[in-house]
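Notes to accompany the following structure.
Order of writing sets the labels: A, B, C and D. Residues in every chain begin at 1.
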Amino acid sequence: MKAKIRVPFFETSVKNYIYGDAVMAYAKAADAAAKEYDIDVIFVAPYTEIRWISENTDRIMVFAPYMDALRPGRGMAEILPEALKAAGAKGVVLNHSERPMTLNALKKTIDRANELDLITFVCADTTSEAQAIAHLHPDILNPEPAELIGSGKVSDMSFVKEVISAVKAIDPAILVEQAAGITTAQQVYDFIMAGSEAAGAASGILTSPDPFSLLNEMIGFVRKAKDELAKRNR
Amino acid sequence: MKAKIRVPFFETSVKNYIYGDAVMAYAKAADAAAKEYDIDVIFVAPYTEIRWISENTDRIMVFAPYMDALRPGRGMAEILPEALKAAGAKGVVLNHSERPMTLNALKKTIDRANELDLITFVCADTTSEAQAIAHLHPDILNPEPAELIGSGKVSDMSFVKEVISAVKAIDPAILVEQAAGITTAQQVYDFIMAGSEAAGAASGILTSPDPFSLLNEMIGFVRKAKDELAKRNR
Amino acid sequence: MKAKIRVPFFETSVKNYIYGDAVMAYAKAADAAAKEYDIDVIFVAPYTEIRWISENTDRIMVFAPYMDALRPGRGMAEILPEALKAAGAKGVVLNHSERPMTLNALKKTIDRANELDLITFVCADTTSEAQAIAHLHPDILNPEPAELIGSGKVSDMSFVKEVISAVKAIDPAILVEQAAGITTAQQVYDFIMAGSEAAGAASGILTSPDPFSLLNEMIGFVRKAKDELAKRNR
Amino acid sequence: MKAKIRVPFFETSVKNYIYGDAVMAYAKAADAAAKEYDIDVIFVAPYTEIRWISENTDRIMVFAPYMDALRPGRGMAEILPEALKAAGAKGVVLNHSERPMTLNALKKTIDRANELDLITFVCADTTSEAQAIAHLHPDILNPEPAELIGSGKVSDMSFVKEVISAVKAIDPAILVEQAAGITTAQQVYDFIMAGSEAAGAASGILTSPDPFSLLNEMIGFVRKAKDELAKRNR
């Protein structure tokens, strides 16, 4: 069975900004905040750190940044789904704008992830791409206009709302995250209040003056939004 | 400083045949044989297991199956050289026939490896490719005709001798290994006696009825060849 | 303005089976049949023959087998959309199973084609891929399960009907073709009678004993189906 | 038999700067200058224009900007060597920095070109890449540091001389061209006088105020260098 993820959740990755011990320190900070605020956190780790982080954290869900669709056997240097699972990964990011996939490979890789109960987190660019991907039924869809990634500029609310409703019209079970260009905890709060089931940040945190406190604050603001939404729905 | 490797040495990888605990068991067997025979062994591990194996073995030298040339920063899903180094990798395989690289990327990636003191193990196909790659001055060159890989058929001795002398004529410091299609310890012995500084096997071991004992026997035969060569040179 | 295409139409390509004069002879045969039966025919030609065929035929619509999304300027060896247009291409095949594209590149390339009034003919594999691509609004969608291409086995009618209705539910303006594995004129007729707006064949014709007469017969059967459908709709 | 090329020669391409009729006009200008100065000129044309230009010029040798190594048969959108040959191409550019090839593909494609008597024009970046490629024995080697291409900055003479002697030491039959960053006829002259068997320009001509006259002047300066060299060797 796939790991359960409770909404709203937070997602972060380290991309290639840090490595080794620094990734572990960042993962520990994410884990502490996940516990402090009782918020689910997806932590996208480099392949080399998936096992280490999985074994040394309690609450974060470790995801791989990509995987191939191949099956055990020959080959070299591919990312074998079974190896990720064995190392403790709970899910995988697919079709990130820095690692775009053909539609056919994306479909096959989502199928492989489902076979191994790995949660699929699929990135899209425009609304039409998000709609396209919705037909492949990933667990989580992250529409982020490529020009915003790492830019410090966020999507505008009309795009956010449009893309959520476009995706849900095709498959209401898909969770929709906003992540492009997020640099403040307030943006995290705003996107969730606007209907996103998750918010995420990587560059925005790792290039900030105090990454650990910003990470904590962002996860705290997911909690704040969650409480506010619960109040409204009462 | 790069790790020192003593010739003749043995090299093995798991490709995608096994994953998780089975890789660790195989690595432990390689480590035990490396100690038993006092022979250096390169162990090419999946990215996810590099750290785990490095921390839990004593003698084998863990290599990554590939890396990118990029530097810390943006990106997603690339194999960052610094991350491999931090995880304990002592070297990296480049240009494997299942992960061929452009000449330009190969040059840049060898430069990056040198910068981080990672040993470069570069695969070639024909003699002319081996000569070409010799001009990029990798530490180890592994010429293996693509049609032999995983085939259970080995290179003939005339190819082996021709390619060694062709490579040494360009750069005598490059260590030359034979690995394609090796399935028996006798072949390991023969290739080293013919002038190879190393022999390697992956499919030949992992698809055999008793991989651990074949692995041990192969490493033992590297010892046997080493002793025989020492005797001759006395 | 894009060239107008009347349904039902026929589509053929030469892939790499033939080249040079043989392509021209095949194009002339397609052109003659298009005139004989007054049926629109898309002829996918190698880049090198697009201009030559466009200038020496009257009725067939010459398509390129692929193009890049780049704009005039630097680069080398890319397929510049403006160059195809200038050579006489009326449209372009995208995402063929032998040249799969990332979703993002596919979107951008469809946009470029629209900008230049080139008709987009986009291939898909499964129904879910066809639905995905429908959100990118190509002019023609050709769902062909990869395992059938060049196999001599055709899609079954339930797949054909399912995929047509799935695509039309998203965008009724998209024309849907069936092409995978077609080897007989009767199959052409059957697919069109089942609701396909077009049928196509390449390997099935070019590896047959008498390609020209089979090509003529297939285009004749498009006519036959067209007449039959007209009669029914009277 | 391959077309004979007399040294020193000139080479130009249009990259993606121009297309259609503008390519033909540029080809006609190159052809006229080739005749005026009795100098061999390689003209790298987009695939779509190879046949048209070959049939409408007398002296220039039309080259393709790339080709694949595959053989006639299945596939789609590849550049089939036989199709280039049939269209009139006399040679092919391989491994351009905007279309880098794996070492293995480069070797196979050079072999295919030799099989069809197509002249191979292979690009390299640094001296070590040029040496590497020399072992694959192309007909022409064009070492051009990637950072100079389209930059308007030329290689310095010490690089030019070093790379020529490094290549000739491996295979004296390889013709060495200089092309990176050339913007003036004087540079063409200087590179040839320094030992290059050819000079080439693309961006430098096509982004100049008067491309046709600059093209003519450059080819004229190849003549001037040729006459000067002949005088010296008398």
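FYI, a contact is a pair of C-beta atoms (placed from the backbone, for glycine too) under 8 Å apart; a residue touches a chain by one contact, two chains touch by 3 or more.
All values derive from a computational prediction rather than experimental measurement.
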Chains touching both chain C and chain D, listed by label: none
Contact-graph distance - origin chain B, target chain C: 2
Same vs different contact residues, chain B with chain D, by half of numbers used: same
Identity of the chain that, by mean CA position, is farthest from chain D: A
For chain A paired with chain B, centre-to-centre distance based on mean C-alpha positions, whole Å: 36
Separation of chain A from chain D, taking each centre as the mean of its C-alpha atoms, in whole Å: 48
Whole-Å separation of chain centres (CA-atom averages), chain A against chain C: 38
Interface hub residues of chain D, defined as touching at least two other chains: 97
Arrangement of touching chains [line / ring / star / complete / other]: ring
Touching pairs among all chains present in the structure: A-B, A-C, B-D, C-D
Touch list for chain B against partner chain D, complex: 95, 97, 100-107, 124-126, 128-129, 131-133, 135-137, 146
Chain A residues within the chain B interface of the complex: 13, 15-21, 46-52, 65-66, 70-80, 82-87, 93, 96-99, 150, 203
